[in-house]
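Each chain carries a letter (A, B, C and D) given by its place in the written order, and its residues are counted from 1.
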Amino acid sequence: MSSEPLLRLENIEKRFGGLIVLHEQSFSVSAGEILGLVGPNGSGKTTTINVISGVLRANSGRILFEGKEIRNQPIFRIARLGINRSFQVPKCFRAMSARENIEVAATFGAHAPVDVDAILDEIGLLRHAGEPAGSLTVNQQKMLDLGRALATNPRLLLIDEIGAGLNPSELGAIAALLKSLAARGIALIVVEHLLEFLNRITDRVIVLGAGRMLFEGSLAEASRHPDVVAAFIGG
Amino acid sequence: MRKFLKHAWTACAAGAVASGLALSGGAAQAANAPSVLTIGTLYASSGPFAVASKGQFEGLQYWADTVNKDGGTYVKAFKKKIPVKIIAYDDQSSTATATTLYNQLITQDQVNILIADFGSVLTSVGIPLAAEHKMLLIDPTGSGANFFTKKTDYLADVSIPSSTVWPLTLGHFLLGQKIQRIAIIYDSNDFDASQAETLKATLEKGGVKPVYYHGVPTSESNYTVLLHTIAAQNPDAVIEFGYAPNDIAFLRNLSSSGLHFKMTFTIFPGQLLDLMTKNVGAKALAYTYTYPTPPLVQTQKVTYGPNTAAFVEQFKAAKNAEPNFLDVAGYNTGLVVQDMLETAPAFTQLSFHQALMDMSGKTTTLLGDFKINENGAQLGELFSVGQLVPSGNGNKMVVVYPKEKATGTAVYPAPAQ
Amino acid sequence: MRNATGGTRYAVAVLATLAVAFVALPQVYGNQSVLFTMMTYMALAQGLNLVYGFTGYLPFGYVGFFGTGAYACSILVTFTGLPVLLCVIGGGLAALLIGLILGPLLRLSGAYFSIANLAASQIIYYVVSNEALKPLTGGPYGIKIDQVFAPTASYAAMLVVLLLTTALAAYFRLSRFGLGLRAMHQNPISAAVAGVNIVRARLVVWLVSATVAGLIGGVYAWNLSVFYPDAVFTLEISVFAIVFALFGGVGTVIGPLLGAGLLYTFYAAIGVSTPQYFQLLYGSLIVFLVLFLPNGLVSLLVRRKLHVL
Amino acid sequence: MALLEYALVGGILYGVFFSLVGIGLNLVFGVMRMINLAHGQFIMLGGFGAYLLSSHLGLNPVFGIPLAVAGGIVIGWPLYYAVVPRLQRSNDPEMLSFILFFGIAQVIEAVTLLVFGADQHSLPDSALGSGNIGVLGQDFPDSWWVAVAVSVLCIGGLYLYLSSTRLGFATRAIMADRDEARTTGIDVDRVAAIAFVIGLSLAGIAGVFVPYMVGSVSPSIGGGLTTTSFAIIIIGSLGNPLGTVVGGLVFGIGTMLMQTYYASWSNLVPYALLLVIVLIRPSGLLGKAVRSA
């Protein structure tokens, strides 16, 4: 049982029309682990997250969550199984209050009762709980997006570029938060451009280039790998 | 914007007050003679029935003007003349609006006499309401076959016979001319489809089966390809039953298609000759057939009111315009009401209805014989068949059938133009 | 959700006000047809609000369900002799069935959905009014069910349907299900990620809205009792429902009621006083509304920080 | 067989004309993402313009074409700036514009009704030639051929405008992505206002020939023309002006075949086609439409 990873992708392929954006992706994540997903723009990082969370459907391959195939499941069912995500551009319910944003997820996505106040506190928005999400700053909206994901009691979290635009102290706080989530046993897949930030929270990364997995291992090793270098420089 | 809303509110309130004031006027019809006789009716200023409805309404109004010039209409129940006042609302050709407005006339204005709007569609919704409130609905032109299925005291079709019987004469004419190949194209609505059905049945009884018999949507506006399809059956006579816009499109397409038939029949040249001539051109109308209606055909001997020729003179003098059939139908409705009031011994709806029944079969107006049955259907004057024959710059109507009314003989086959 | 009980009390108050108003009004104002038509449009605006206000799908062919209900009810009266109330419910079920058949339209976005729905309503209209269906629907000759004509009973029935529709709107506004709807309306993908079954929620709302329109149509047919296909399929019915709902404010419970109530009064008033300018006034009013009050009357209340149901 | 050929040729001619009827609506939608629900009323105005010229000034109705263009400018330019930027800022421009243009349609119809009355009006047949021209042995009236020729010229002209002028290029950029276009420095409102003017002018030009193709013009014909135009542009695909030609042809041929073989069902054609195409291929024959979730 313990050898079975929480999530396993097997030969996932995704095409847009004739364009193949994900080639035969296969990797896995275990509970409590933080996996980094790096690569240049257009390398398929966000597409990978979209495919796992059900926002996009893979054309072939298998996605196994706790050994069960979830590839053709609708988004909401994947969410209820315990996979959730944040968005690169936060997608909040702008006319609803911060609290209501969390309540939606707590009501529909979680199996067990959720302490909404605790989540608001965790993402630093308790004081803004009554304000409409649309009036929050972009960074606050990012946190709200994350909070919305947390309110579904996820066991796998997909984090899409949460660091962009944050100052060092905010980055530090986020890093601490993500690590504490992992410590609770939540698996995380973190898409990030800020390698230094990534280096702080993860010891395993997957490097994507043009939809292919170029490398899997530590970030330090990755920077020495010729394919990776070529992909980033555009060679 | 708040200001704007405030205005809207004020307008709203003002409207409500104004209508409230207007409504309080017509109340209380007691044993004492009212100072003015209220006649409620509807018309449509816009929408598909506007042209016809406004014609009918003008005719009725003209009648009211004429009697008021004489000090009103004589009411037997009160043994004196009382002026009439027409209360009319605009239903915009909408049945939903017509429903509320019929009710307005009955319950708020409490009119003495209730007259329906033009045509079956706008008449239909008034029928149950009138019956519910025990009002006699005087129905000038609503001739849906559905209306007259059982005995009623509250409905009387006074000006035109049910469209079901319109083509009887036409059918006999076609049989009499021994025309074998007949094409019938009609619009899928009550008015036209019921005529097509009657004509087909009449022809089949005479042993003639139409070579083409198809309904088209009432919205049909281009007949070019249809005409070609019809022509492929080599018909001698083509009968098109439509509303005025259909007839216009049909005749225009026919004249520009280069096709020619020995006989072509449409409905509206006989009712709205000016409109049709303006839109189709006199040349395209030449030698086509239609149901000629007053004032294009004249009723000389009447038992009540002016005869057709006299009416046309009066109307032209007063309105500076030629009356069309719908003006006549509206005016005739007024005349029938007038005769009814002169003979009804009591001022009640039932007495009114009885008066109409008593008049039935004994009355002839400018529109012809007046005859209704106990279901309220009009059985009077059947339409004859007429042909438009070139005369000067336009066409003149020649009644070609039945014989006793004929003013000439049919030019058959029609010469190619 | 903290206001749930307050909201419920508010909803009960709205329902009670409606009920009292429409029971009392005929005592002081004798033109019951105006009141009946007003209720019809209030219910239609509310029914349309269920789907437009809570999902953002504008059903331009809403009249298709209304007409379906009217005809299904009339056909049942004509051929089965069932009690008329059952026939009205039959009208609702027929509209539900049509809604189910048209369910795949929900895959379309914005304008496509509206127009495809419009096309569907026209198809129903043309089929019902086609001569080939004369034995069943009366085709172009119209249908007549005056054997059950009962203005007072149908008035009461319309009031019940109006209350039902309004209660549904309140449910959509206040319940857990409604919370999901609001989230979905604002951002369908986030709502799905938050666990809302958006496909099912949309379909449920769509079917409920369709059924309601069918019930309204059934009662309307009962009240008219003699009518032609145009009377229950005219596009004007959709348009009025849309304009009324928008005028009041969609996505709320009281908005469509206010909108239909006020605007229909306005309609009836100018229809009686200055009919020749009616269409002009009405058209201009719509233009002004969209430009200056796009979120409806209730937005004025919201701007003053008043709680709106 | 002759019947089939006649229906096909007739359907093509009718369809080409109806492409012109629909194309203005589609251009406006493509550029503004707004549905001009008053489209049919603008067509109707074009018809009345030609009627005025013909009946009061004794001019040939084809002079209605420059009049339609002038009308498009005089009405379209101020109308665009009065309402569109304001609507674009609202929370649901697509749906609010739908309703706004419905209001405008009502106003136009009401004013026309007050000025001209509810009667049908038509134009003299002889003005566009009273003979017939045949193709493949199938004769059609001269007026059809003139209408078709004008339609082809207008659609061709629009194609050239979009494909080979700077403004046309900017127009296509806006159709592809309004915001992106704005960031590249295109004066979106100016380009879109021009497209709106072109859309209304094309509607007006179509209106000049409406009395020939559908018998007559009257204030109440606008609504029906709008719905037919909708069907045509959806069959083609919303926002793709050239798809409209495909839509027009499908509509024209479908209608004429139905008229020939199942006349009473012919009014179902545009709607049934629309529904079937939208369900099988939601993007129309040339485009995209499915929402992302």
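Before moving on, here are some points about what is shown:
To be clear about the criterion, a contact is a pair of C-beta atoms (placed from the backbone, for glycine too) under 8 Å apart; a residue touches a chain by one contact, two chains touch by 3 or more.
This structure is a prediction, so every number in the text was calculated from the model and none was measured.
When chain centres are defined as mean Cα coordinates, A lies farthest from subunit C. With centres computed from CA atoms alone, C is the chain lying nearest the middle of all the protein shown. Computed from the mean C-alpha positions, the centre of subunit B lies at a distance of 35 Å from the centre of subunit C. Inter-chain spacing, taken between the CA centroids of subunit A and subunit D, is 48 Å. Per-chain CA centroids place subunit C at a distance of 31 Å from subunit D.
With centres taken as mean Cα positions, subunit B sits 74 Å from subunit A.
Across the assembly, subunit C contributes 126, 130-131, 189, 192, 198, 276, 278-279, 285 as residues in contact with two or more other chains.
Counting partner chains per residue, subunit A shows two or more touched chains at residues 55, 75. Taken residue by residue, subunit D touches two or more other chains at 109-110, 113, 264, 267, 293, whereas all remaining positions touch fewer. Subunit D contributes residues 29, 35, 83, 86-87, 90-92, 94-100, 102-111, 113-114, 223, 227, 230-231, 234, 238, 264-265, 267-268, 270-272, 274-275, 278-279, 282, 289-293 to its touches with subunit C in the complex.
Residues of subunit A touching subunit C in their complex: 53-55, 74-77, 79-80, 84-85, 87, 91-96, 100, 103-105, 107-110, 145, 148-149, 151-152. Across the complex, subunit B meets subunit C through its residues 1-2, 4-5, 8, 11-12, 15-16, 18-19, 22, 45-46, 89-90, 92, 94-97, 99-104, 107-108, 120-121, 124-125, 127-129, 131-132, 144-147, 149, 188-190, 193-194, 215, 217-218. Residue ranges of subunit C in contact with subunit B, taken from their complex: 30-34, 37, 40, 126, 129-131, 138-142, 144, 146, 149, 151, 224-228, 230-231, 234, 236-237, 262, 265-266, 268-273, 275-276, 278-279, 285, 288, 292-293, 297, 300. Touching subunit A in their complex are the following residues of subunit C: 1, 176, 179-180, 182-183, 186-187, 189-199.
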